[in-house]
Amino acid sequence: MVSETIELRGHIIDSLILPKVLDQILTHGANFKIVEIDIGKKRADQSFARIEVSAETGEALDELILRLRQQGAEVVERANAQLATAPADGVFPRDFYVTTNQQTFVRFDGKEIEVLPAMVNSAIAFDRKHGTARAVKFFDVNKGDAIVVGHQGIRVVPVQRATTHTDLFQFINTTVDADEPKSAIIRGIGDELRRARAAGGKIAIVAGPAIVRTGAGRHLVRLIEARYIDRLFAGNLFAAYDVERALFGTSLGMNPDLAFARGGHENHLRAINTIREVGGISAAVHQKILTGGILHACVRHQVDIVLTGGIRDEGPIPGVTTDVIEAQKVMRTKLADVTHVIMLAALQHSLAVAGMLATDVKTVCVDIDPPAVGRAIEHQPLQSIGLVTDVEPFLRELADCVASRRD
Amino acid sequence: MVSETIELRGHIIDSLILPKVLDQILTHGANFKIVEIDIGKKRADQSFARIEVSAETGEALDELILRLRQQGAEVVERANAQLATAPADGVFPRDFYVTTNQQTFVRFDGKEIEVLPAMVNSAIAFDRKHGTARAVKFFDVNKGDAIVVGHQGIRVVPVQRATTHTDLFQFINTTVDADEPKSAIIRGIGDELRRARAAGGKIAIVAGPAIVRTGAGRHLVRLIEARYIDRLFAGNLFAAYDVERALFGTSLGMNPDLAFARGGHENHLRAINTIREVGGISAAVHQKILTGGILHACVRHQVDIVLTGGIRDEGPIPGVTTDVIEAQKVMRTKLADVTHVIMLAALQHSLAVAGMLATDVKTVCVDIDPPAVGRAIEHQPLQSIGLVTDVEPFLRELADCVASRRD
Amino acid sequence: MVSETIELRGHIIDSLILPKVLDQILTHGANFKIVEIDIGKKRADQSFARIEVSAETGEALDELILRLRQQGAEVVERANAQLATAPADGVFPRDFYVTTNQQTFVRFDGKEIEVLPAMVNSAIAFDRKHGTARAVKFFDVNKGDAIVVGHQGIRVVPVQRATTHTDLFQFINTTVDADEPKSAIIRGIGDELRRARAAGGKIAIVAGPAIVRTGAGRHLVRLIEARYIDRLFAGNLFAAYDVERALFGTSLGMNPDLAFARGGHENHLRAINTIREVGGISAAVHQKILTGGILHACVRHQVDIVLTGGIRDEGPIPGVTTDVIEAQKVMRTKLADVTHVIMLAALQHSLAVAGMLATDVKTVCVDIDPPAVGRAIEHQPLQSIGLVTDVEPFLRELADCVASRRD
Amino acid sequence: MVSETIELRGHIIDSLILPKVLDQILTHGANFKIVEIDIGKKRADQSFARIEVSAETGEALDELILRLRQQGAEVVERANAQLATAPADGVFPRDFYVTTNQQTFVRFDGKEIEVLPAMVNSAIAFDRKHGTARAVKFFDVNKGDAIVVGHQGIRVVPVQRATTHTDLFQFINTTVDADEPKSAIIRGIGDELRRARAAGGKIAIVAGPAIVRTGAGRHLVRLIEARYIDRLFAGNLFAAYDVERALFGTSLGMNPDLAFARGGHENHLRAINTIREVGGISAAVHQKILTGGILHACVRHQVDIVLTGGIRDEGPIPGVTTDVIEAQKVMRTKLADVTHVIMLAALQHSLAVAGMLATDVKTVCVDIDPPAVGRAIEHQPLQSIGLVTDVEPFLRELADCVASRRD
């Protein structure tokens, strides 16, 4: 039987940190003894707990402690983080520490350094010269880089529930099902976006083709015109749909006004061909070939368009990053200063974007498929709202709501 | 090798009758020879085909001919239907003929008699005295009744596509998915309902609890007030939700204006208790205890309310038919003169209702679950529209659309 | 600002009771101060907390305290429960207390009396003569009965996590998704059933038609023959499918061995007619008309069959309780001593059964639809396992696993 | 009113070609007159129809004729196809003809030339020198290439139902739902694969991560060892899962034998790092670092591995094609001689692969999500089987079935 002592600080009760830690200990077949506990008497007070954890083997204890650290537990005797050298470009040393998307600190020479950015599934590279710690992906690492290994000297700050009651996202913090009312929540999201815009926040949309197909594009255009959108992330397919709709009035050959004429896929390819001919979305707007639609509104209102490719793409439309690793780099850069993300009927893109966000970015996901909503928001606990609904009425109501309070 | 000759008449090409018949023959491992075919030259012309069908055994041929009859095939030599006596109350003779919901005729003494009503999964009782044929359920049959057995002397008239192009239902005739545009179709449904009302049609709603929970009740009330609804079919749960909302402003204890306070189930039971105390929905309206909601609107505007029970019910609310066989009888009576059925987020009830309709009743089904929509409309080929969407925006748009054309 | 002091006892940390209570307080916009806290130092130790709760108004505080009681909170000054008289048969007094399915005590004359049975959505009737408290449904109450009103003097014992690690149900305590491994869990369920049988537990099956259609019936029969099943709950439709399969080898006319011949609905009705003719399932078995299938195995091995009706039923098969309120009474009686429930592809029945269980009945739900699984198990926290999978491979593996360890 | 005469040939009745053509005409608001019709008298006979189609405007007629050609209609007066020059690399001339995946012929100088390969969403490039016609994607076209424009001189051969009854795929030709029996169909698929292997067919697997997570990998390995698989198409994620399972015994950190320890994502990244360090899957097998799993079996048994990237990838694992356009080229090459494709729980990849297949490739799709199955097989009418089920029991039964008949 080996044991180690850990400490927890913060809103460890109502943010469920202490219960989760005790749960992890029990689930791993280990044992605990609470050595000291001091629970905040009022809402805003911090709490503290010191817990002795014991397990059968040192290996099991190590594995368990690693999990507990990701819940915010600190090991009491403070050690420095350990480093090893990357054996080749694009390869980490074995036993490299794998980050979460929570705020993380590493200890070197007795000082704690924050790892930036807060990014999941990365290693931590330590720059001895500048004393900085970076979260790095495989493509970021070069032979000889100093990479943190093991889990000593690392402290994770778990997401904690705010102590005030004004935050819609923490309040809802779950998925609103198809048979639950959504109007009040959509109004709340509208208010949040207004506050965000006023406070200089950056709002990103992740846009799926259903926006175009369901005729919801005009509502998204209203949001763009009212300057509620700063970035738009989408795939080649979304772009092609939007252009087809703008040029031919159809979606996959279907006429949305009559909604009756199904079939026909030529317009889709002709739309792509048109943009290829002119050289890109922006050129098509400036040459007045593309005179409507969502991308047109983006170009006119200086919304950054980030288009990435997938193996089902036709074309591609010029401007789409077709190499997926390159695309990830671009997305990461364009997401760095984003404060709010609205993910609309775009599961693959939403999962990709969600995996790049720090835990303090607020996210909204709208999709008609309940599991899609659940997966898209699971990485942003206490910061996300999921709505199981059609994207068209959602955007219509959000745009109405924002328009009616235009200031 | 045995063979029999069948004939097909009507719009057998574009209503897919001939192809389906040939498909059935091939699928059953049988063979066919087209003896004579005369295809209508213009859209409105009827077509005719005489086909010799051959199979390995007489039994296989019989089985196949039975299927082909359900597609509208007639066997050439015209025989009278055969009868046997019901051995006991509620029991059919073995080998009783099982009806579809298509128009059906039986031949007795060389004359064809229409079986009424057109109702699926019934036997056919022949009344020698009056020369009439009735579709009967188990509970309808008494010992000694004359019941049609075998499949001789029976002719089924399959659903045929209209030759004009004005019918939205035949035109769509499928499910509109979540990512397809719905506005034009909803407008089309609005037009159809206006025409139906003007022509003296009867419109029934099958209503699920999600209508109340999502806050769509007020839009349904608008349709009721504009006299677009003649009957309302629902379960005890729907009624309890509607009353809870009217009395307490909540759904399962959730406040729809704020949408934030989850939990609480007392109001649900208190709502039921209130109606039990006063004796029924109608009494509650007249005593001004129930002053809002969908059922209130129904009572005020003489909409027939048909409430039926299920094994998950609390209560029940007085007026709910708790015996399911009794409930079926009531539903069947109340559906007899209905021309249009709108099924809203109520799968079990929708399937029950759909199973009682003749093939010429037009149906619309709205649900967020694609398989639910598919199952609800499969029995009304060429007469149904399915929409995969939230019920709230559907009802809002339909009520807007009907209101804007108030005449 | 008004305030009240509550107390919590038990495994309030790792069973999430304390965090949920604090969460409720914050969510209701109220405030708390932890007056005293004593957290168990070891796994098996109980914890204790005394918390002062304050809210804006007395009404808001009352509403909040009601919620907290359902989480197990006790109000410190101990008051007797209050009673009022039922105004009519089947009607509760206004403001009646609504039960959860957790263990509940009411205080009269300073003594605590357990409310039996533990049943959700009921009122509490107090029998002054015998000093007993019963959970009663609407149909149980008679004019003049003494019914508990308000929420004073009521103590709820929340479900607590076991302190040992041997319980599969507490360990899993969630839904296993389609893309997660299930073999180990199915083996674990097999072990649990063996232990349950050895310990004299009662195991109930809630059976849906898909068991028959997918050909999984033979595996359920193996479980019945091995005496693992004590009760079977199903609908008329399940019974009709099972009989059709036994008599004709088909399901809705589809031949399972070839699986190719679709269509045909006569056999379904003929199966029902056969049982109606002979008078019931049991008679059909004894007269050797029904010689195979699940119900046949039930009759042969003394498994209680509880069949209930729904508005979509054909028939019904004799023995089906068609009045839904009567059916609920029968189900409740037959569930009273059940310790384990396995719910297989039968959403409506599973929800009905789940709503009648005390919190200590262990449940397993298997369905291919993730939301169906989630809803069926949500009322048995820490006591249920959900599996998103096909019912056929589940039953095959469970029967294999039980058979291989036959003792 | 303008009109044109079209002709249809082949099994135009039972392959639904004639009905679909008449349906298209009516749906487009046009009119028809059947000038001549000659329906094959026996099963194997071809039929013929000559139909005069008339529409309001020349434009509407053109649009309609284009649709009818895709159903196999030929315009009577035979014209040569028209050509235009590609204006730039990667750009087609406006009004380029867009292919379907059906067999297509173009007429030049009075001769019909088959367009190869049969590939959807392409243009047709004509090589004057060699007299050949190629289906080309955007990346295939160079400035100055001769591309077919308009729709004159093009003949499409629609998929026709076989006249014999031996083909499982044509027989089923639909999706088998979760509640339908699958054993007989899985056995039929096993037989088909045996015949395919014996006849020198090429069998491809499209593999999703759920195969690894559910523990179905060992059954796929059995199929590989029995030489039933020639190509494996998958994403980086599948490869990472397979390697993680082989190296660490976990999936996303979950231990499949116990199935209880959730959480943990380090192993996933360590698995990728290990393969990056050694340089690739093949090197890892040869250096005995990777000694189990699906990819190991592929390397050992010369199964082609085609790995492609997506924007959610970590890594990537060396050998993954990260540029999606490059990946499409590789996939297309590797699919060129494939005769059977089995798509297992891999929606995105399955849709990508399905979009590259000619109509005569037989496909099986297995997924637990009904819409996913539907979308994956919709492009292979009369050649595909969809199964809504768990992938683990499917693969287990298929491998058992193939093993038991080892020859």
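For clarity, chains are labelled A, B, C and D in written order, and residue numbers in each chain start from 1.
By definition in this document, a contact is a pair of C-beta atoms (placed from the backbone, for glycine too) under 8 Å apart; a residue touches a chain by one contact, two chains touch by 3 or more.
As the structure is a prediction and not an experimental result, all values here were calculated from the model.
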B-D, C-D or B-C checked against A-D; over half of contact pairs coincide for B-C
When A-B and A-C are ranked by contacting C-beta pairs, first place goes to A-B
Whole-Å distance, C-alpha centre of subunit A to that of subunit B, is 46
In whole angstrom, the CA-centroid distance of subunit A from subunit C equals 38
Residues of subunit D that touch two or more other chains sit at 27, 171, 260
Listed in rising order, subunit B residues that touch subunit C in their complex are 27-28, 66-67, 87-88, 90-92, 94-96, 98, 120-121, 137-138, 260-261, 263-266, 268-270, 272-274, 276-277, 308-316, 322-328, 331, 348-349, 351-352, 355
Subunit A partner, complex, touching residues on subunit B are 171-172, 176, 178-185, 209-210, 213-215, 251, 254, 256-260, 345, 368, 388-390, 392-393, 396
Listed in rising order, subunit D residues that touch subunit B in their complex are 13-14, 16, 18-19, 22-23, 26-27, 29, 31-35, 37, 39-43, 161, 165, 171, 370-371
